[in-house]
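First chain A sits with chain B, and in the next complex the same chain sits with chain C.
Moving on to the complex of A and B:
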């Protein structure tokens, strides 16, 4: 078997699984292993760079040595299935969740998820936000029934770990035993900058309900239920003027 | 149920108030459709994708501050204000470089 598909499959296996001379029967000059190693090492170094860019908080928490070991294992077990690197890394949080050596640091999964959500927000589609004027003149009933979408980059996250505090100052949390504490975060890129905002739990309930395609009334009730003293008006006004919403697709 | 409808009344009032409040706050920023490719305003490593010279193909790879061959998305007004240009140019943006 020396068809092109077979050669490519063996080459890829050599790069990702680490065999030294995957094509020794095709090129046999005695130096194939050394030259192939250059290609393999460059591939691994590039992917390591890409993932270090995508997961800066995770890298700081783990330190360079452990982060490199994690990524090496990830590359071997979950090579990219796309023909570009933009989406590579989406499975890393799940990979960490299954990683036995990291099981004693369960917060890493949510930290990696926040890093990835921020990374995905950079590449998410732009959308024309709905301004307050579009909602002016609606009756209270129409407002309650309104279906708003969050802009494509926006994702509300809930964690049992202080992920926002960790993201703000990862170095302070490196090598620490982190205590569980609920935190809610919104990642969104309304303009050119990715924003990472700490949310009130009721504010998270509001945005999560909208993200799950609930009506504005349902989302507002969910927020009120989460905390009756929550200042719904100011929070919703802030996100509306901040350009967080778009018209929901019919 | 009466309590439910009372609750939803207060929620509706809060939402109505929010719409008015939002209108008074800063207007929603210019949208992506209003942006132009603006050369010469990006810090090293902060460029959007692919430059004029083709020396790199993706975001964040420029190594010179305010290089005239690198672009970011910006509104036309913002671009002019920062001394950028809407076509690539040689050298760096002196206005930002200082």
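Moving on to the complex of A and C:
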């Protein structure tokens, strides 16, 4: 009899690496391999389900067969090391970026990042948004020095690929050679619905600067640099009334 | 100290899964309690917690964990225990449970500082003294960290490890006794394991520590044929089979009325179908001698 630690290590190696070592630990009734296959299948099928839920756009682009191969490689190389899978998948965009077989589809990294950001926004912390009245009565100087935070679910994304268009209709892009085109996207959950908004490049510059803890003045400057003709005040007021901002942590 | 291990009412409820959440908030069915997987609510915010707040207004809650990995050689993950404790404080569930199983491999396996990899499945243990001791240690940590008397569920198994020092039933009974915890008695798991491993289900059931039973689980299972015969798969994807109802009757004949849960996790049916299965369980509880008579 060997110890439980050894048994569990061999069992896990059998599931992740496909080794036959755990079969020797099981009662020898001639069916050990079929019995063990149930466990190996349970692990892969259940994690595949979780990642398919989190990465619906990626799955549509790749198709079921290729998505399954990607997930199998991901599980083997970067298994979850937590007791729940709610955070599992955060490293998948980075894994895709280093994947040799997917190197000819560089847009997949940003598509996966958008899927994951949406998934994370659903479960992100809630926050009390600032209402438009919160900024009333501030002098222009005070307004420019103001540091606003985005609500915890909000992430501005910039991509050299048309990720918003792909997300809107992934099936139309499956098996296509996608041409590069800059797109900027905001993912946020101001209420109970996750929103995925296409942003003007200057609007992205504004929100990205605020997300990076810049002052409103710095953010406005970044937006002006991106596009001097952009109507900054209207965009800012729209996001303010949409509940995108919260008071900055002191 | 023994029991009561649960403050759930001794009636039938069901395992609440995502497709039915909004249904039961809008039109709460006439049941007393529902069970949720604790891990599904380990989120910082958003709709899930809001929904659980609403569900708690109408139903008592049972928190059933699938991730603590009580059978791991390593001690339970402290961050995970803290998340369970925080949920217990917020929602005050009437019952708290997990499984006689392991989910995460040993940290020593590859020396990763984040601990061993998770297999995301409830995996079997060898029936050894070492495994009983590890379970008892980890269940004690679980109870201390949460301040709750917890229940652990007997496993469903497809394979057995060589070198057993106890039989399957004695392994469960000894674990519960040594840990001083409750037993979440899953009669479908008994049927599935008995078929797959070739032991007598009724005999196993008779060996269970009935005074520790705080809840019973019912579920369906599937049959998978291969060259060497049939394996029963504990997929919670169909109605409860007759043989499992027979084990249920045998169990409640000993325990009397006990909180009973119908689990349906794959091929999830319409809520009506699930509630009909709950009503069948409730009818069997109502038919017990001494059960309160339903006014006609």
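We take it that the second predicted complex is superposed on the first by the 235 of 250 C-alpha atoms of A that agree within 3 Å, B and C clash if a C-alpha of one lies under 4 Å from a C-alpha of the other, contacts with A are read in each partner's own complex, and residues count from 1 in each chain.
We adopt the following convention: a contact is a pair of C-beta atoms (placed from the backbone, for glycine too) under 8 Å apart; a residue touches a chain by one contact, two chains touch by 3 or more.
Quantities reported herein were computed from a predicted structural model and do not represent experimental measurements.
After overlaying the two complexes on the shared chain, residue contacts for A:192 are found with chain B and with chain C alike.
Once chain A of one complex is fitted onto chain A of the other, the partner contacts of A:131 are limited to chain B, with no touch recorded for chain C.
In the superposition on chain A, contact of A:234 is made with chain B only, not with chain C. Counted by residues of chain A touched, the larger count belongs to C, out of chain B and chain C. Once the two complexes are overlaid on the shared chain, A:243 sits against chain B while remaining clear of chain C. In the superposition on the C-alpha atoms of chain A, the part of chain A touched by chain B in one complex and by chain C in the other spans residues 122, 126, 192. Across the complex, chain B meets chain A through its residues 7-8, 10-23, 25-33, 59-60, 72-73. For chain C in complex with chain A, the residues that touch the partner chain are 39, 42-48, 50, 67-69, 72-73, 77, 79-80, 102-106, 108-109, 112, 114-121, 123, 125-126, 128, 130-131, 134, 158-163, 196, 224, 226-229, 231, 233. Residues of chain A that touch chain B in their complex: 53, 122, 126-133, 135-136, 138, 140-141, 143-144, 190-192, 216-217, 220-221, 224, 232-238, 240-243. Interface residues of chain A, counted against chain C in their complex, comprise 1, 3-5, 7-9, 11-13, 15-16, 25-28, 30-32, 34-36, 38-39, 42-43, 46-47, 50, 79-86, 122-126, 152-153, 189, 192.
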